[in-house]
Each structure stands twice: as structure tokens, then as C-alpha cells.
Amino acid sequence: MSHAAFVHSLWTMSADAPRKIPAPQIEYAQLSPTLIVLGAACLGILAEAFLPRRLRYPVQVLLTAVGLAAGFAAVVALAAGGYGTGKAHVAAMGAIAVDGPALFLQGTILLVALIAVFTFAERRLDPVAHGRAVDSFAAQGAAVPGGEAEQEAVKAGFTTTEVFPILLFAVGGMLIFPAANDLLTLFIALEVFSLPLYVLCALARRQRLLSQEAAVKYFLLGAFSSAFLLFGIALLYGYAGTVTYAGIADVVNGTVRTVDPALASTTGNDALLLIGGALVLVGLLFKVGAVPFHMWTPDVYQGAPTPVTGFMAAATKVAAFGALLRLLYVVLPGLRWDWRPVMWGVAIVTMVVGAVVAVTQTDVKRLLAYSSIAHAGFILAGVIAVSPDGVSSVLFYLAAYSFVTLGAFAVVTLVRDAGGEATQLAKWAGLGRRSPMVAAVFAVFLLAFAGIPLTSGFTGKFAVFKAAAQGGAVPLVVVGVLSSAVAAFFYIRVIVLMFFNEPQAEGPSVAVPSVFTSAAIAVGVAVTVVLGLAPQYFLDLAGKAGVFVR
Amino acid sequence: MSFPLLTVTAAVPAAGAVATAAVPAARRAAAKWLALAFSLATLVLAAVQLARFDPDSGKPFQLTESHAWIKSFGVRYDLGVDGIAVVLIALTALLVPFVILAGWHDADPLEEAEPNRRWRPTQGFFALILLVEAMVVISFEATDVFLFYIFFEAMLIPVYFLVGGFGDRAGARSEEETAARRSYAAVKFLLYNLAGGLIMMAAVIGLYAVTAHQLGTGTFSLTEIVQARADGRLQFATVTERALFLGFFFAFAVKAPLWPLHTWLPGAMGEATAPVAVLITAVVDKVGTFAMLRFCLQLFPEASKWATPVIVVLSVIGILYGALLAVAQKDIKRLIAYASISHFGFIVLGIFAMTTQGQGGATLYMVNHGISTAALMLVAGFLISRRGSRLIADYGGVQKVAPVLAGTFMVGGLATLSLPGLAPFVSEFLVLVGTFSRYPAAGIVATLGIVLAALYVLVLYQRTMTGPVKDEVRGMPDLRVRELVVVGPLIALLLFLGVYPKPLTKIIDPAVGHTMSQVHRTDPKPDVPANDVEAAK
Amino acid sequence: MNPVNYLYLAAVLFTIGAAGVLIRRNAIVVFMCVELMLNACNLAFVTFSRLHGNLDGQIIAFFTMVVAAAEVVIGLAIIVSVFRTRHSASVDDASLLKL
Amino acid sequence: MENLIGLLVAAPLLGAAVLLCGGRRLDRVDHWIGTLLAAVSFALGAVLFADLLGKDAGARTLTSHLFSWVPVGGFRADVAFRLDQLSMTFVLLITGVGTLIHLYSVGYMEHDERRRRFFGYLNLFLAAMLLLVLADNYLLLYVGWEGVGLASYLLIGFWQHKPSAATAAKKAFLVNRVGDMGLSIAIMLMFTTFGTFAFGPVLTHATDAGEGKLTAIGLMLLLAACGKSAQVPLQSWLGDAMEGPTPVSALIHAATMVTAGVYLITRSGAIFNAAPDAQTAVVTVGAVTLLFGAIVGCAKDDIKKALAGSTMSQIGYMILAAGLGPVGYVFAIMHLVTHGFFKAGLFLGAGSVMHGMNDEVDMRRYGGLRTYMPVTFVTFGLGYLAIIGFPGLSGFFSKDKIIEAAFAKGGTEGWILGGAALLGAAITAYYMTRVMILTFFGEKRWQPDADGNRPHPHESPRTMTIPMVVLAVGSVFAGGLFSINDTFLKWLEPVTGHAEGNSPLSAIEVTAATMVVLVLGVALAWAQYGRGPVPVTAPRGNALVRAARRDLLQDDFNHVVLVRGGEELTRGLVRADHSVVDGIVNGTAAAVGGLSSRMRRLQNGYARSYAVSMFGGAAVLIAATLLMRAV
């Protein structure tokens, strides 16, 4: 029949078809981690709304911690239930995958978030303002910096306890992101965890101008990138007629033909597929901070409140790489020969640029930002090896890396002077003399970043490069090795600064943290050392989790 | 399962490091004695190893231990010693106590240093020394490439802190500048070696890829790979083998150090305190040359043979180059450093001469060079600590005021120029003979080294010890008891091994023979086998 | 008329939006350009949905609108707060963080 | 009996150990300990000598294998001794003269505060020298070879506070090292050729090896000999070596160590016999050196340096003889022994003179000493007569034989060598007479020394004169003793072998010629110094004289070529090491840094430029993907 008639029938069908539409059936149990976290977030909002101000802080901290812990427990339960391996399947009408990678990454994200909450909750570092201990978030985000509104807020002892539910929302999004099994869910999850992060970035207590600037940049560029992502999704949808990963994959593999001959006649070529795929990749590469989509990273990392930076650097990377893996391994494997060379290029450029530019940085947070870019490059090297080994090595690397990062940023929050955190490297001179313990811990993290043996960094790097080499990407390994030699230089520079340089007269002091930050740092060190010395158990875990469902 | 002797030998100093580091700031002396005790305990264990080691059993590795470690990477915790390793472990365990004794006061905080309960340099110094010892020992013991690599690489960190953190107080110039020069030297040392190590990491991964591809399961076990090669289950493509060989060799050549990768050594040895300098050249660098013997040759025999000519040339250059630069040095410790570069040239030359004499001599050389450098460097350290200057020009006529110091210095020097009757002569001559019998030209050119050695040693002695007594050295005290305790045994050892090296050669010989058979090389035959004719009679 | 033309239109709109992001200084305008890009995507979705004869595209368009709305909330909040501090909505004025 | 050989070496070694490590508490008895142990080893030597005499000529070889030293693969070096007639001769010479000189030193070094160390070094020298001559293989010989080098280094530089002494010591050691290089290369060659370097196998199978290899070995051995025996071109160190105490000059740099080269060549006779080219090289070196040394000896005013020149030249004779092969070996050794007596005697005499003249060495400031120190005069005189070859004294017999053997080489070569030898004899007569006259005759030309106190010449104490007397006796009778019905020849022949040369001149003619040149030399010297007064400060002299005073300019040559060149080279290398080898490394680092700071500027803080990079990146990504599909 004719086009018009077809369309008309479409309308009418939808008119008298309610009973024909199958009720969506959702496996709530299998989505429990996400649901728990989001639920906790909603409770947090209610708490903000109804609880008296003095109660909010303890309640929020408790609520968030419990929520995340419960979520982690749920993940463990699912994994134990075999959803990671045997019973792995696609839930929620094909919207969300419950399989090894998803559970592993969700577990990692939840743990990271849990530790991040500790750093969020730290209230011992900043000097007491008007008799109240304060954390590193603005008294009142809306108030103009330095304006009397802010003075009022500070006097009144306001604190933005909203950060906790916001954090939870972000975590919720991150949990869905790597598990998303169709492009729409992917997009939604992306936005769900991005928007809260934009807000968090703007909420620094000190140097609010920088904080707000970081937020603006992050927001605009983020929105820009998500537009690319969305357009890519549109094109893929156009190509395949569906947005589910499995469906697209079938079309790519040629097992199913696209429905409409009209479309086939005009855009039957793979241009839609290729361009769409590329655009989606752009969106994801932006989130992982790969060159040339990295430029927001240093600015945002520096401007955002340090606990947020730590959380972002760790959790965002995990989630984004998870999504990237799923996309490349489930949707586009049929296209391997098209995207692999491109990703090679991206990986190489990312490693080199990250390492080289970091050499001349003068600010600890920026330094760590560039180092995170370089590490993104290393991880990409593992992603490119299209093999179960590749997946598990990337999973392991992400776990190892995120804890080191959290720990490092937690240490950064400790080193303070009159103007808050002293992030200029110059001020760190001789820190080893003043407080050897802190300096030593930071040195451990730096060595892990540098991939010195007996730290988690080495194990991860080795795993990734091994996978890459076996995937035939030997040149990639060589470049990676060379750039990590360059990278070693600036990590070492910081160590030299801390231990071998004479302390400055008016250098920063190290604040004595409460149990929260101490715990965070302790966990970081513990994980770093354990994954360095006895990684086998976790490698097995990652290995078992190395298979995607589709 | 039998008593894990090898593990314990490495674990004791490690434990010592922890214990020493834990000593409270006030109890500095206690830390020193603790460290000394642990190092001596290690020495005992090393002695036990020597005793339990049976050179004549056909087994390539003995006292072996084997446990799974990282299955996913095919990494095993495999330990085992051959004749070469057990001797070098003994050397390490022997030298460290002397290093500790010699460095007794090197890490005492300066007077004006503000009292700080948490800042404990002394404890750190000795803890780091023990840590280095532990890592060196285990990398001598490891028969799993990955295991070796890990400690080969991790070793850099404590050494780095030793060099950068506890520099030579005898800085000729201002405190800041010495600090700057010191951290420069330390960073250079670390980056140079780290680069080498990372390139080796690429090769290690490559090795895994190859084994995984050909054997089904990737492995790093030296014995397994050698075995697989022997029965043809594992064949390297020529290019692959050469690439991997170069990857390994580069790292070892940096650490050895071989010309032209030597430039980090003079700085590191010059800026570090004498005991640390000894630790670096006498112990740590030996891991590099040792690894050439154990890994380069045994894993990649064909590639080794392919690379031999170039390496021989490089090491000969190194011999002459190091010696000539030593002659031109104005700084005592830098002079000794360049002398060591020349000696490492000899060692590498011996290894790649691919003759029994060459490799046996090279192994012996590692031991002897360790002892002789220790003797010379430590005495130099005592001298420098007295005058507070490293410049040769600042000395003169010392033998008049401190005859014993001068005497020991002389003996150390004579050992360095490998005078017959002292240990180094034997090894140096073996290396030369071994080289000469395969590469006569190289052998002859290398022999020039002995003249140059005499030159730089005697010039050093003449300028510092003889001539009219300089006012600055007047009233310089002679060696103290502690210092004599350090130097005396070393000199005695030099004499003993010079006259009767057989105990060592007995152990080394079979191991060298095994290596040679791995590389499929045999010694060249003499034109007129006079000995055999005599025997026939 | 061939619905494919709508695709071309979508592409053009998207490009215009992108160009606007690159060119305009005013944060609000830049932000509007992003919205324009999102809407270009919507157009594409709807067109494709039409071509494929299934409703997914249209549904997605709704989702996109919601997301866009959410973005507006956050975005405007941030931009306004910045404006109140700096008394300028120019993107280029916010360049303290660099190098 | 064999076990005694070990003790022979051990005794002085023990002495050295005790004296050097003993510390101050020995300072009363040190000199006697040293002397005693030297004497002990002499006694042992005598016992062994008697034992050898007991055996019949063929079986006079004792070997004792102590332990295997360096067993590595096919490489086997043992600590084993071999005592045959040749080494026996040396043992007696070394220990005998050595003991005498120890005794002499007791007096000579009485007031030196480092006397203990002096005797320690002397004993060390004895041990090393004995090891050298007793070793059963070349590697062990090498040990002794360098050992004596070390001892000589220590003793030359004994007065280290004098920079000149320290420098001389260093020079001696370095030049010797060059020679040692030759020896070690020779040993390597032997190892590759014969698979061993023990005397027995090597020497018995020498003839089986190719001549080329043998020549190479021979030349390397010659290089070694040149270094140790101060032969051209490695002779430069001997003159400066006179910085050492006089007993040292007498023992090491006249009687024993410097003759080690002769021992080496004679010992390796089998190799040289099979390598004529090497032999030619040896005789050339010998002939050149004997003239060189003689000429230098004529020009020196420093009594010890004059004697040093003479030593050089006399050893030249020995090397020459040794180079002649079986014809000459015996006479080389014979001259070596007699020379040991009279040259040691002369040096001790010189020492005694200096002792009396508060350490003045310039002969132009002596004169007329014969009445003041009669014993010295007599002993020195006898030594003088012996060295110039006065009929009936030792030198006459030994030198005469060598000259004869030189002619016996035959052909023009023979004439040249013989001529050189004769000329050398004439010059010897000349400069020795000069020394004699300047020192003991003529009017007193004594000058006050640096501290302005005039010398009061007096005879030396008993401890010093006794050795001089003994040595004088030796230098008078030794030659005759050896030559009566060829005792020495018969004694040594089993080891070295002997062949009668067929000289174009008969023995009588040679002797006559020698006498003639001798008289001429003496006469010339007397004409020049004996008649008129001698200027206290040396006249400028002609070019040759001036050159000879500067050791025929070879130091200047060394300075320009080796020292300067070497300094330039090292300085260049230092620069290269810093700028090139290290420069590359630092350059890379700098390059990365520069690149970094350049790329850093892209991060300019403008969100829009970041967006541009994203947009561009996306474009590139798309293009690349499409391209991938296109190709």
C-alpha cells in the first residue's frame, strides 16, 4: 500500500491498540543497586526539605554511606547469584545489561563513591568559621562570592548538605551508564550523572570564581559533547532502525536488513553507521578525557572542590570506559577494522600529549589531571585489544587506578595554607621534612601512577600492555612504555620536591584530618599495595567478569 | 617442603628494614646496631647457602622454591641459585655490613637541624640500605623473568632515596647547590634506569606474548623456556628474538653501565656518600651484568651471538674511555666512578667473549671488583670525611700524617690496577685471555687498559698521599678502630682471593659451563695442545 | 517530497548550532546553540522514525526534550550565578583557569 | 728438599709481612729482622745449591707443586716452583747480594724514621724476585715480575715527601707496566698457541708451533724485557730511579731486578731459537742500548746517574748476548752475575761516598777522597777495574766472551754487533775512569750543602764497609772462578744449551782488540780530567754532551708525544663525555620540556577554543573512519 495509507494505519493502530501493547516487565531485583542508590538520593532530597539544619549533615552522611553500602551489597549479591557469569542477561526490556563487566564496574563505582563520601564529609580541615566546623563546599551556592548574602550564610553556619543527594544522583547515573544496553539509556544515563557533576563543580567554599568558571566550562563543553553523542545516536538509529545494541549489532553484522527500502536506496551505504559511530565515540571519549577531547579536564579538575575532583577523576573514568567498552565490544565489533586504527591514533596521541604536557605543570591538581589523561591513553591501549583479556585488563586497571586517584586527591586536601589548599607545587617543597608520613603516602600514590613494580599501577599497566601486545598492538605498547618513561619524570619531580628540597619558610602546613579522610587515604594505600603484591584474586575477578552479554 | 632458605635470605634484610625504620627518632644508635645485626644475620644465611650449594650436582639451579603467584600473567614465585648467583649473593651479604659500618655517621642529623619527632633520617638511611640488600638478593635468586624484573625495577626507588636524600656532606660549595646537584644526580640515575627498565618491560611483555602464542600458556619461567627451546616446542623468529634481546640488554647495559650509557654513574657516585656509592657500584650494578649472563644469554642465545661483535667493541671502548676519563678527573669519587666504568667494560667483555675463561673471569671479576671498589671507595670516603673536600688538589702528603690510611688506600689502588697477588688480577687476566682467544684484536686493545689503570691510580695516589704535607691535612687523624674494622677484612679478602681463588672458581666453573652450553659455544682449541701431549706421556 | 531532505535540514541545523557554539561569546547564546543542536537531533530522530516506520524515534525525541529542559535548569543556574559574580555573561571572560 | 724452595720465598715474605704490619713496637729490631730473614733465605739457597751439586748434571732440576692457583676450564695456572741451574744461579745472586745490601742498609738507613718500612720493602722485593726466578710457569713469573715492579716503585719513592722521588717512582711503575703488557700478551699468545703457559710443555713444544706465532711471542717477551731491564725504548725510568736510597739502586737497579729481562729471554731460549726475527730484534735492542747507556754515562755528573747509565749499557751487553742464542746465553748470565758483584759494589761505594759528603751526588764537588775513605776507595777501585774489563778481573772474562760471541754471529751483522760491543767497551773504560778520577783523585772541590755546613768526609761504619769488601772480592775473583775449565758453562749448559760460535776473529784477537780500546778509553778520560783542574760547574759542552745530559732527549720526546698528547686526548674526551654522550641524554630531556611548554600554551583557558579542538577532533575522527572504509 501507499506511504500515506501506511502512516495512517499507523495512527489508527495506535489508537485502538492499548491491549496489544505488552506491559513492560522489569527485573527490579537485578536493577536493585541502581534503584537503591537513586532511592537514597530521593530520601536525601526529602531530608534536605524537612529536617532541621543541624541534623542534616549527620543524617545525609549516614544516609549516603548506607545507601552506597547497600548498593554495593546488592551488587555482591547479584555477582554471587551468578548474574556476572552464567545468568548474565539483558534486563528491563533490553534497556540494561546485567553481566560481568556491568557488575564489576558498578561495584567499583559504588566503592569509589563510598570513599568519596568520606572526603565529602570531612569537616576538620578548614578552620572553624563562627564556631562551626565547615567542609570544603560553599555555604550557599547561590550567594554571590564575597557578597553580603554569603557573609550572612557563613555567619548562620549554612552548609550545602545537598551535595550528598547530588552525589547519589550522579552515582545512580554512573551505575546505569556502563550497563546501558541501548543508546537511549546510554544518553539518559550520561545526562543523569553529568548534570549533578556540573553542579558539584560550582560549589567550592574557597576560590569560588575558579569553581564557577570550572562549572561553566564543564557544562558548556559537556552539553556540546552530549549533542554530538545524541546526533550520533540519531544517525545510528537511522542506520539500524533501532537503538538497542543487539539490534544494531545484528544490522552491522548483516544478519538483519534494515526495514525500509526507501531509506536503503538513499542512505543504504554505511555512511550513517560510520559517522554515527564516530560521533557516539566522540561523546564517550570526551567523558574519558581522551585527546583531543581532553581540554576541559585540567581546568575542571583544578577549579572543582578537591573531593569532587577526586570523585570525578575516579568514578567518571570508570563509568565512561565501561560504556565505551560495551559500545565497542557489543555494538561495533563487526566494524572493528574501521574503528581500531582510529582508536590507535587516539590512544597514542592521548598517551603522548598527557605525559608531555604534564612535565611542565606547576599545580598539583593540574598535574594529576594531565596524568589522568595519560592514563586514559594507557587504558585505551587495553580497550583496543579486542579480546576478553583486553576487557578484564581494562576492568582491573580501572579499579586500581580509581583508588590511587582518590587517595592522591585526598592527600591534596590535607596540604593547606592561609588560602585553603596549597596546590602550587612550589609550596610542597620539603613536605617530607615537615610531615614524612603524608609525603610518604603521596609518594606511594605517585609511584603507583608511575607504574613502579610492587604497586597496583604496575600490575594494571602490565596487564593492559600485555593484552595490547597479544592483540597485536606492539607499536602501541612501545609508545606507551616510552610515554610512561616521560610520565615517570614528573612524578619523580614531585617526590624530589617533597623530600630533597629545603622546606620554605612560609610553606603550607599539613592539617590533621578526621577519621573520614584518614580512612579514605588508608583504603587507597591498602588497595594500591595489595593489588601490587597479590593481585591474583582481583585479576581472576576481572577475568571472570570479562564477557559481555548481548 | 624443605626450609625456604632463599626466601628467608631475602626476607631477613627486608624485615630488618622495617624494624630499623620503626626505631623511634631518639634511639639512633639502636637503629644502627639493629641494622648491623640484621645484615650480619643475612651474611650467615648467605654462608649457609654457600655451604648447602653443591657445585658438582648436574642441576642448573639448586635450593629451588616454586609457588604460583600471578596465574593470569603466568608468573611464578620461582627461586633458585646457580654457582654464579650464590657467589654474588655471598658478595652482597658480605659487603652490606661493611657499608653499614662505614656509613655509621653519614646519616646523623646535622646540629642545626630542628628537633622533629617524625623526621628520622638515620633510621631511614639504614632501613633503605637493608631494603636494597633484600631486593638485590631476591633478584639474584629469581629464576622467573617477571619476578626478577619486578625487583630489578623496584630496587631503583630505595637507591634513589639513598642517593638523593643522603648526599655527600663534603660538598665543595654552598648547601643549596650541593642539594641541587645531588637531587639532579639522583633523578638522572632514576630516570636513566627507569627508561631502561620500561623498555625491558616491553620486551618482557613481548616474551610473554611469544610464549603464550607458541606454548598455549604464557610463561616467564627461565627453566621452562630454555627447556621448550631445547625440545623445539618454542622457536623465536629471528627478528623477534633480536628485538627482545635488545630490550633486555638495554636495561642491563644501563645498569651495568656500559659505554655510552654510563653518564649517570659518575654523578650518582660523586654525590652519594661513599658507602652508598659502594652499594651502587659493588652490589646494585652487578645485577645488570649478572642478568646479562643469566637472562640475555640463556633466553636469546642466537641473538646474543648476533650482537656479540658490537657489544665487544662497546665494552672495549668503555674500558679505555673510562680509564682515560678517570685520569682527567679532579674529584676523587668521580675518578673512582670512571675507573668502575672501565672495569664494567672488562666484565661485559668477558661475558660476551663466550669463552669459559671470559665468563668465569667476568663472574669472578664481579666479586673482586665489588671488594676492591669497596676498599678503595670506603677509604676515600674516610679521607674525604676528614678533609671535607672531594677535590684531589686539596690533598697532599697525607701518608706523612696518616700512614695507615695511606697504606690501605694504596692497597685498594693496587687492587684497582689489578696487581698480581691481589684478587682482581686473576679475574682481569682471565677475561683478557678469554677475550684474546676469540677476539685477539679486542684482547690486545683491552690490555692497554692495565697501563691506563696504573696511570690513574698512581696519579691519584701521588697527588693525594705523597709530596710535602699540605697545611689543611696537617693533624689529620689516622684510621679509627671502626674504620680499620671496615677496611682490614676487605684487604685480607683481596689478598686471599688473589692467592687462592679456587674456592670461588670451583663453584663458578660448572655454572659457566652450563651457560656456555646454553649458548652452544665451546672454547677455541689451541694450535699445539701441548698440555694434552704432556698428559699423554 | 522525499523525507530524506529533513535529514539534510537536521544536519544543517546541527552544524549551525555547532558553529554558533564556536563563534558566539555570550554564554546564553552559546547555550542556545547547544539547544539548537539537540533539536536538530530531534528532527533527525523523527525523520528516521518516519522512514523506518517505527515509533522509537519519536519517543526518543520526547526524552531528548526532557533532558534538554533539565540541562536548561542546571545551565541557567550556573550561568546566572557566574553572571552575578562577574557581571558579564561572556564565555571568554571566564579564563582564569589555563595553561 | 723440594719443600725448601717454598721456604726460600716464604722467609723474606714473612719478613715483609711482619715488618709492614708489625707497627711501632718493632722499631728497635726491625733492621735486624729484615737482614736475618734475607740471610735465612740465602742459607736455604746454599743448602739447595749443595743438594744440586750432589746430583749429576742432567738431573739438577727440583720442582715443587704447591697448589693449583686458577683452574678455569682449560686454563690451569699452578703455584709451582722449578729450581734448576739457571734459577739456582739467580737465587744465590739475589739472596747473597741481597743479604749484603740489607747489612749495608743497617748502617746507611740508621737514622731514617721510616726504617722499618724500608726493610719491609726490601724483604718484599727479595720475595718477589725469588718468585720471579723460581716460578714454573709464565703467569706465576708474571706475579713476581710485577711484584718486583711494585717493590721498586715503593723503594724509589721511599722518600715520598720529595715530589721528585714520587714522580720517579710513578714513572718507573708506568714504564714497567708497558713492558708488563707485553708479557701478558705473550702469555695469552702462549695460551692460545699451546693451551698452557707452563715452562715445561711450552718450551718443549715450542718448535711445533708456527714461526709467526713464535716471533710474536718473542717480540712481546722482548717488550717485557725492555721494560724491566731499562732497554731502549723503555729505558727512560732507570735514571730517575736513582731518586731512591742508594742500597736500593745497588740491589734492584743494578744487581738483580733490572737483569730480570735477561733471565726472561734466556729462560724462553727455546722460543727465541725458533724465531730468528725475534732474535734479531733482541740483539738490535741490546746493541743500541749498550751504546746509548754508555753515552749517557759519559755525560752525567751525578755519580749515581753515571752508574745508572753504565748499568743500562752493561745490561745491553747481556741482552745482546742472550739475543745471540745458544752461543750467548751462558755468557749473558755469566756477565749478569759478575756485573751483579761489581756494579753492586760500585753503587755501595757511591753510597758510602755520599754518606761521607752529606749526600752530595755531584762528582764535580768531590775529588781527592782516596785518602779520606780508603776502604771505599779500594773496593770502588776494584769494582772499577772489574767493569772496564781489566785483565784477570771478573768483567774481563764475561765481557770478552760476549764480544767474541757477537763477532761470532757472522756476516756483516756479526761485524756490526762486535764493533758496537767493542766501542761500548771503549766508552765504558772512558766514563768509568772519569768517575774514578772525579771522585777520588784531583784536588778537593767540596762545596757546603744547602744548610751551609761543609762536608767532613769520613770512612763509613763497619756494617757498610763489610759488604763492600765482600762484593769487591767477588768482582775480583768471580770471573776467573767461572772461567777456569768452563765451570760456569758446564753448570748452566743443561738448561740453556750451548753452541760454540765460529768467530771470524780468534779469541786472542778479540782480547787484544778489547785491550786496545780499553787503554784508549782510559787514556782519553785521563787526558780530559786527570791532568788539569776540573770546573765545579759543568761547561756547556757540545750538542751531543748536552743531549746526553738529558738522556739523549728521550724524556723530552716522551713529554711531547705521550704526556702532552695524552693530556690533550683526555681533555678532549672529558669535553666529549659532557657535551656529546651526556649531551644527547640531557638534550632529549630538554626537548621534551620545550615541547611540553609549547603544547601547554594551547590550554589558553578559553572554553570556545576547547570547543574548537573538540569539533576538529570530531571532524578528524569522522574523516578517518570514512577513510578507513574507503581504503
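Order of writing sets the labels: A, B, C and D. Residues in every chain begin at 1.
Quick note on the criterion: a contact is a pair of C-beta atoms (placed from the backbone, for glycine too) under 8 Å apart; a residue touches a chain by one contact, two chains touch by 3 or more.
If you're wondering where the values come from, they're calculated on a predicted model, not measured in any experiment.
Steps from chain C to chain D, taking the shortest chain of touch contacts, total 1. Spacing of chain B relative to chain C, judged by their CA centroids, is 65 angstrom. Inter-chain spacing, taken between the CA centroids of chain A and chain B, is 46 Å. Inter-chain spacing, taken between the CA centroids of chain A and chain C, is 24 Å.
Rounded to whole angstrom units, the spacing between the C-alpha centres of chain A and chain D is 81.
Across the assembly, chain D contributes 589, 600, 603, 605, 607, 611 as residues in contact with two or more other chains. Residue positions of chain C touching 2 or more other chains: 18, 21, 30, 91, 94-98. In chain A, the residues that touch at least two other chains are 216-217, 220, 224, 298-299, 489.
Of all possible chain pairings, those that touch are A-B, A-C, A-D, B-D, C-D. Residues 6-7, 10, 14, 141-142, 144-145, 184, 187-188, 191, 195, 198-199, 202, 208-210, 212-217, 219-220, 223-224, 227, 230-231, 233-235, 237-238, 241-243, 258-260, 262-263, 266-267, 298-299, 302-303 of chain A are the ones touching chain C in the complex. In the complex of the two chains, the chain D residues touching chain C come out as 600-601, 603-608, 611-612, 615. Those residues of chain A lying in contact with chain D across their complex are 216-217, 220-221, 224-225, 228, 270-271, 274-275, 277-279, 281-282, 286, 291-293, 295-296, 298-299, 337-339, 341-342, 345-346, 353, 356-361, 486, 489.
For chain A in complex with chain B, the touching residues are 392, 433, 435-437, 447, 450, 452-454, 458-459, 462-463, 465-466, 469-470, 474, 477-478, 481-482, 484-485, 488-489, 492-493, 496, 499-502, 535-536, 539-540, 543.
For chain B in complex with chain A, the touching residues are 68-73, 116, 118-120, 149-151, 153-154, 156-157, 160-161, 164-165, 176, 179, 182-183, 186-187, 190-191, 194-195, 198-199, 201-202, 205-206, 208-209, 212-213.
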